[in-house]
Structure formats: C-alpha cells, structure tokens
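You will see two complexes here that share subunit A, one where it goes with subunit B and one where it goes with subunit C.
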Partner chain A sequence: MGVSVLQPGLATTVQDVGRPGYYNVGIPPSGSLDQYSSLAANLLVGNAEDAAVLECTYMGPELRFGSPATVAVTGADLPPLLGGEPRPAWESFAVGAGEVLSFDYLRSGARAYVAVSGGFDVPAVLGSRSTYALGSLGGLEGRALVAGDELPIGDAGGAAPGRSVPEALRSTHPRHREIRVMMGLYDHRLTDGGRRTFAEATWRLTTLADRTGMRYRGATLEFRERVAPFGAGSDPSNIVDAPYPIGSIQVPGGVEPIVLHRDAVSGGGYVMVATVISADMDDVAQSAPNNTTRFVEVDLRPGRRARRRRAARLEALREALA
Partner chain B sequence: MSGAGGPGAERAPTVAIRSPLPGVFYRRPSPDFDPFVEVGSPVEPDTTGALFELMKQFFEVPAGTTGTIAAVAVADAEMVDAGQVLFTVRGS
Partner chain C sequence: MVRRSFGGDDHIFVEFDEEMNLAANFRAMAVTATLAERRIAGVIDICPANVSYQVRFDTDRLAPRDLVAELESIEAAVGDGTGFDLRTRIVEVPILYGDPWTRETASRFRDSRQDPDATDLEFAARVNGFDSTEGFVAAHAGSPWIASMVGFVAGLPFLFQMVPRERQLEVPKYLSPRTDTPRQTIGHGGCFGSIYSVRGAGGYQMLGITPAPIYDPTQTHPDFADSLVFFEPGFIVKYAPIDRETYDELTAQVEARRFCLRQAPVEFSLGRFLADPDGYNRGLVEALDGR
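For the complex of A and B:
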C-alpha cells in the first residue's frame, strides 16, 4: 500500500542522500538539498539513512495514506496537519490508513522533508532514488509530483512513533544568514573594490531559487580590465569554460550571484568568485526568497573545522535517535 | 450578503488575505492592464486579487472571502514572504 498524492505542492520531489560519482558526465549529485534535515526525518521514523524522503519546496503537498505508517516532518517550518489537526515537526507521529497529511503555510526556511517508515520505494537509478528533474532521472518518473501520483512505500525498517529530535539539534531558519565561502578559483578577476563589495553587500535571495541554483541580488561587482582569452566570451564575467563545483558562486555580468546546488550544471563559462563551504550548503538550501545573506570569507583551516563540527552534529543526531 | 458599502459596512470586521508563498507580488495581469482589485472593489472567494511569481511560475491569489477590499498592503512588483498580509477584506 502506498501514498496517494491529492495535491502536489509547488515542487515536491523524491530525494535521498544523492547520486555521487557521475558529475564528470554531467549528472549532478542531486539528493536532499538540506541533508541534515533529511537525515533527521529518516532517523525519526527508523529508516536506513539512504531511504528516500519527500522534499517539499515553499509549500507542502496533500497526501493520503493507504496503510498505517510512522511519519516525520523536518527542515523548514512548514507545520504538518493530520486530518486538519496540527502535528509536531521534528517528532515522529502515527498516521492511520486513509488519513490525509497536509501542511499550513511556510513560517520560515524553504524546504521541508517528509519521511515515512519504510521509505518512498521508487526504483533506484544509478544507485539513488533522488529526482533529477532536468535530466528526467530517478524519483517518480524523473519529475516533481503531480496530483494523482501513487507513491510506493517500502517494507524495510520503521520505528514506532514518538521519537523526537532534542531542541538543540533542531535547525532554525533566521531571515538573515552568514554563509561561509572560500574565495576562488576566479576571484583574481575581481578588482579590490569588487572583492570588497562581494564581502560587504547584503544579498537578497530572488524568486529564482531552485535545486539548480539560488540567485541573489544586492550589488554589482567590478571586474578587472582584460583582453578576453581565446574561447571566453566578451563579457568581463566570462571565462574559458570550466567545471562548476557544487556550491560555487558564479556572477554573470557582475550582478546577481548564483550559488549552485545539488542539481547544478557541471560546467560553463562564468567566473566563480567563491565556493560555499560544504558545511553551510544545508543553510543555503533553507534560505527563502526575500531572505538575506552575507558571504563571509574563510580559509581552508576554518572550513575544515566547520566540516568536522558538522560531522559531529550528524553523529549527535544519530545517537539521539538510535 | 448585504451590499458592499451599505449601512454597517464600516464596522464589519476585516479579514487579512495572506500570501501562501514567498514571491514577487503583482497587482495586475500585465503592465498594460488595470489592477485586479482596488480599495473598494467587491470580491468573492474565487476573485483573483493578485498574481505572484516564484521560480518562473505565476500563481493567482484568490480573495478567499466575500466582501470589499479595505486595503492593499503591498506595492506592485514587491517581494513578499509566505504569510505576509497582501490585502484586507471587509466582510459583508
């Protein structure tokens, strides 16, 4: 028995830990953009860490359960409702056969994760159930959910309801964030003033913010004069095509920096002035349009320290929900 | 339904119409058109009050209630948060 999609929400997709290893042939890692919240949802319902969840962007779906299940909602503050009655987030709860899970409007953050005991059992493609919609790959038929879809539920694992993530381990979603970046690989193309502007500006997330990338607005970056090398476009923000790391920040035309996320294109011809450290990519995913961000330059050492701290937080989550 | 602006209308309670999503709020279907609603416009639950744009998609915001527009809280083409008040409607 599965879950029937009565309303799909805005951009709801099946995601998991991702599909690493194929970016060299243009297939991005995909997977939940906020991996921390996605893991928390799976642990709450007793699933394996690589079970598939639903990622709900800005708006929740309406789902009818064909059989009883344990369910958890984490990530953005998108209050869950069961049969119209509030249910807690960051806590697992029981859903009976025939009951309908829906959501109130978004209070903060951008992406909520819904885990169901057993996991969403769509076929794995290249080792992952994650949806890569631009490539029509994985998930349910390679696309976002639509009304009338039937989602199969697996029978592996599952825990009784009542698990709860301790308060200190729940993500919060402020309207303003500081996101740590390492400068490069093309920051030498900025003037000193351009570098200063990048670091000091308050960047506001636009409505062009999806799984491929998040586009911000707030200032114009000045580039150094140069003669375009062979193969590069004539705009000062053009480079000879290069691979795009996940988290890299490209700035077409010197306006509107774009942070690439887990459905990114693998390469192109725009300068990447900096790259978000891996530990802060979950936070990037939880910025909503109209929220603000400042990019804070860090070096390799604090970047690695942040990564260790994130790993310790994931470990604390596993221990709390074991 | 009593007539909009009829006796007692001034004292009728107002209802806040909130944005269900973050996005850019548009008061008109395209730049050359009149706004969907103005202060004083009568509305019914399915009357379109505004459009908004998110991830290159456009959505209509229905009034969701019956009455007249008492105030428009957001300027045309401004960014709004989910849950932000867009209009207030005076009930009838």
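For the complex of A and C:
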C-alpha cells in the first residue's frame, strides 16, 4: 500500500541523490536541492542513502498513508502534523495506516524533505528517481505531485521511530546568508566597479526562484565596453552560448544574478561571473524569497577545504544515525 | 587562444574563442571526445559547447591540477582540430516552414517581436536581404548544419550552418523571451538554429516545425530505443522542406510509432571541409541517398 496525495502543496517532487552523467545532452543532475537535509531524512528512517524522498517547497502536502510507516521531516522549518497534532522535525516518528500527514506554515528556510521507510518507489530513469519536470523525466510521471496521485512505497527494511538528529547537526535557516563563490568564467567582462558591486551588494531573492535557478535583485553590474563577437548577440551581457556550471551565477542585462541549481539549463548565452562552491549549494536551496544574500569571494583552496568540512559533517550525520 | 577558468570547486571551463566559428567548435568536440575515451576516474560530466567546453569532476577523486594537466596534453594533441576526423551521422529533418502553430504562437507575443505585422519567417527573410520567404528557405535548407552543442534543455541541438561567414543567416532574437514555444519548433536566433525538443520558453524566431520527435522520455518511438535524446554534438542536419500534406502523413506515422528519421553514418573532417565547403557538403548530403 502506498501514500495518497490529498493536497499536493505548492511544488512537491520526488527527488534523490540525482542523475549525474547526462549534462552533455542537456539533462541536469536534478536530485534534492538540499542534499544534506535529504540525506538526514533518509538515515532517520533507516533508508539507503539513494532512496527517494519528497521535496516540499514553501508549503507542505497532505498525505494519507495506506499502511504503517516510519517518517522523518528535515530541511526547512515546515512543522509536520499527524492527524493535526504536532510531530517533531529532524526526528523519526510512526505513522499508522489511514493516518494523514500534513504541515503547518513555513517558519524558515524554503524546502523540507519527507522520507518514508522504504522510500518512494517510482521507477528509476537513467539511474535515478529524481523528477526533472522541464524534460518530463523521472519522479511521478515526470512532474510535480497533484491531488489524487498515489505514491508507491518500497519494501521497508527500516528503523524504529524515535531516532533524532543531534541539535548540532541540524540545519538552521537565517534570513540573511553569506554564500561563498569563486569568481571566474566571464568575470573579465565586468568593470572593476561591477566586480566591487557584485561583492558588496546585498542581494534579495525574488519570487522567481525554483529548481532551475534563483533570481536575485539588489544592484546593477557594469560591463566593459566591447565589440560584440560574431554569434554572441548585441547586449554586453551576451556571449556565444556556453556550458553553464551547476551553481554558476549569470547576470542577464547586469541587473538580475541567477544562481543555477540542480535542474539547471545546461548552457546558454548569458555572461556568468562566478560559481557558488559546492559546499554552499544546500544553503542556496534554503533561501526563501525576500531573504538576503551576500556573495563572498573565495579561491579554489578554501573552496576545497569547505568541501572537505561538508563531507566531514555528512560523515558525522551517518555516525550519529548508524 | 585558450582561456581556462574553474567554475566553483568542481567544474573546469575552457574557451577557445569568443566568436562562433567551426574551428573552435571542432577543437571543443575533439578534446571532449578524447577525454571521454580516456575514462578518467572522477570525471562526472563532459560538455562540449559552441566555442568552449566544461568538465564537471569530483575533486575528492581527481585533483584539479591533474585534470588540468590531462586537458593540456589532450589540447596539444588535438591542435587546431583540422587533423581530427569526427565519426558522426547526417540526418534529414523534414520541416513545414511557416506552419500555422508557430504563427499562432507568435501572434500571442506581439509585444516581444521586432515586426508584429510580419511572421517570424517573413522577418527573418527580410533582415537577411531576401525578397521572398522562398529565397530564405532555399538558403536555410540548401546547406547542412552541424549540432555545435546539445543542451539548454534535454536534447535541444544548437545548429550552426556549414557555410562561409558571409553566407551565415543571422536574425535577432525576440525582444523579450516567449513563455511558450511549440515542441519541435525550428528556431533561429543570432547565427544559431535550434530545434525545440520540448514545449517551453524560448527567444529564437520561429521559422517552422518538424513532425519528428527529437526527445522521447517514454522511449516508445523507434528512433529512441537506445537513448531518450536523439541529438549528440557533431550530428549534421540537412533540412528537407515539406508541404502540409506530407506533414500530416509523417505526423500520422509518428503517432503510430512507425516514423524514423532518414540518416546515414559519415565522417567529418574539418580540414577537408574548410578547403571546399560546398563540394564537401554535397558529398555529405549524398551519403543520405546511400551514394
């Protein structure tokens, strides 16, 4: 017996660790945007690390369980309710057959993860159950959930409910963040003033923020004058279409930095000036509209150190929930 | 010129030229094809693009400096790309130019267009100095195009016409992007053509539509038994203008899951192409007829 979707929430999709290896034909890695929280949810309920979870953006779904299960909710502070009664986040709890899981209003962050013992057992496509909605690929029929959907659940090996992520290993979601970036790609197209503005401005996340990219506003970046190269297009922010790294920050027209996330468009014709380091992509995913961000420049070495620290934190999570 | 930059701690980006040209494109394809053959542990995605390429890698398994050294050695071996033969295929893509569906879509985005009273095809013909859309279509379908990059969204080819620069068709993109484009629209923006693999946003002028699917996540069409994406970088396209009657026939074949694109394996040599573009192109197109 599976899970019935009574209300879908705003943009709820099935996600997992992603689908690497197909970016060369325009299929992005997809997967949970906040991989740390997604892993925590799976470990809490005793799932394999690559089991599929639900990613719930801004608003939770309403789900009726057809059979008993162990459930955990992590990520954004989107308080779970079972039969209308509060349940703890970052902690696994039991759900009985016929019970309804719903959510209170979002308090902080942007994306909550719901893991169920056994995992959401939709068919794997190209090695992953992640939903890539632009390509109608993976997940449940390649799209976000709608009311009336039935989600199959895999066989639970599972863990007993009542497991908890230690306080120090839970993510918190401040309204202002410092996101570390490495400058590069086409940053030589910025004037010195444009570079300074990029680093010093306080950028506010707009409502145009989804799994493909997060658009910010806050300042105007100045580009150097140039004769447009053949094939680039006339705007100073145009380039001959190039590959877009995951996490790269493009600035169409100089006014709207867009950070591409795990459903990225794989390439295009807008100048990119920096890339978010891999360790900070989970934080980018938890920014909500109107939250503010400063982009802080780091070099490759501190970027790799941050990556190792994140790996150590993932390891600590695995040990705490072993 | 080779310009290299890290994209965060897990991508490296290499640009061969700022201007679109076949030689830079070919270098990007040759380097990435060679890198793929070497099957280096820690390499995750290898993305050739128009005049650049990108590698996504796991820096815990592959040190950035080791990857850079590998790429430098491959780039040196590839040189200017003229000695590299690309094993690829030529594909005939039928197009209904000036079709009713893209015209209807264009009419919904009047404010985004340079000349709201002309169709996109009429506008493209005029800005390229043709008296009629027929002249533009003859140029568009007259010489083959190479998929210089695949991406943006799943399976979408960027196509660059294989003619000297003075014969390149150039059309400005929409003033602001559309929120809707029919699936399988033939687009043109700047010097690039494209075939929209999925319905969605887009900024290229819409010239026509093909009945042929080029992306099939269900993998139920015969051309997609091995892959849900039809195009790979380096595929060569020859457009075949069709009329409405043929379009409807082919669409019926597609719906019955019987349609296959006409295609043939070819080897493409940049050096021989540059020496005699039109003669070389004729040879490529003849491969479609089994000659």
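We take it that the second predicted complex is superposed on the first by the 321 of 322 C-alpha atoms of A that agree within 3 Å, B and C clash if a C-alpha of one lies under 4 Å from a C-alpha of the other, contacts with A are read in each partner's own complex, and residues count from 1 in each chain.
As a convention for this text, a residue touches a chain if its C-beta (ideal position, glycine included) is under 8 Å from a C-beta of that chain, and two chains touch if they have at least 3 such contacts.
Everything quoted here is computed from the prediction, not taken from an experiment.
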{"item": "Partners on subunit A (subunit B, subunit C) - clash or fit", "value": "fit"}
{"item": "Partner chain(s) touched by A:Pro289 [first = subunit B, second = subunit C, both, neither]", "value": "first"}
{"item": "First, second, both or neither for A:Pro174, with subunit B first and subunit C second", "value": "neither"}
{"item": "Subunit A residues touched by each partner, larger count belonging to subunit B or subunit C", "value": "C"}
{"item": "First (subunit B), second (subunit C), both or neither touched by A:Gly253", "value": "neither"}
{"item": "Touched partner set for A:Gly162, first subunit B, second subunit C, both or neither", "value": "neither"}
{"item": "Once both complexes are placed on the shared chain, angle at subunit A toward subunit B and subunit C, C-alpha, multiple of 10 degrees", "value": "110"}
{"item": "Which of subunit B and subunit C A:Gly83 touches, first, second, both or neither", "value": "neither"}
{"item": "After superposition on chain A, the shortest CA separation from subunit B to subunit C (Å)", "value": "11"}
{"item": "Subunit A-facing residues of subunit B, complex", "value": "18, 20-24, 53-57, 79-83"}
{"item": "Subunit A residues within the subunit C interface of the complex", "value": "20-27, 125-126, 132, 134-137, 142, 181-182, 184-185, 229-234, 239-243, 245-248, 265-269, 272, 275-279, 300, 303-304, 306-308, 311"}
{"item": "Subunit A contact footprint on subunit C (complex, rising order)", "value": "5-11, 13, 15, 17-21, 32, 44-54, 56, 59-60, 64, 149-156, 158, 165, 172-173, 190-192, 197-198, 200, 215, 217, 228-229, 231-233"}
{"item": "Contact set on subunit A toward subunit B in their complex", "value": "10-11, 57-59, 105-107, 110, 204, 206-210, 288-290"}
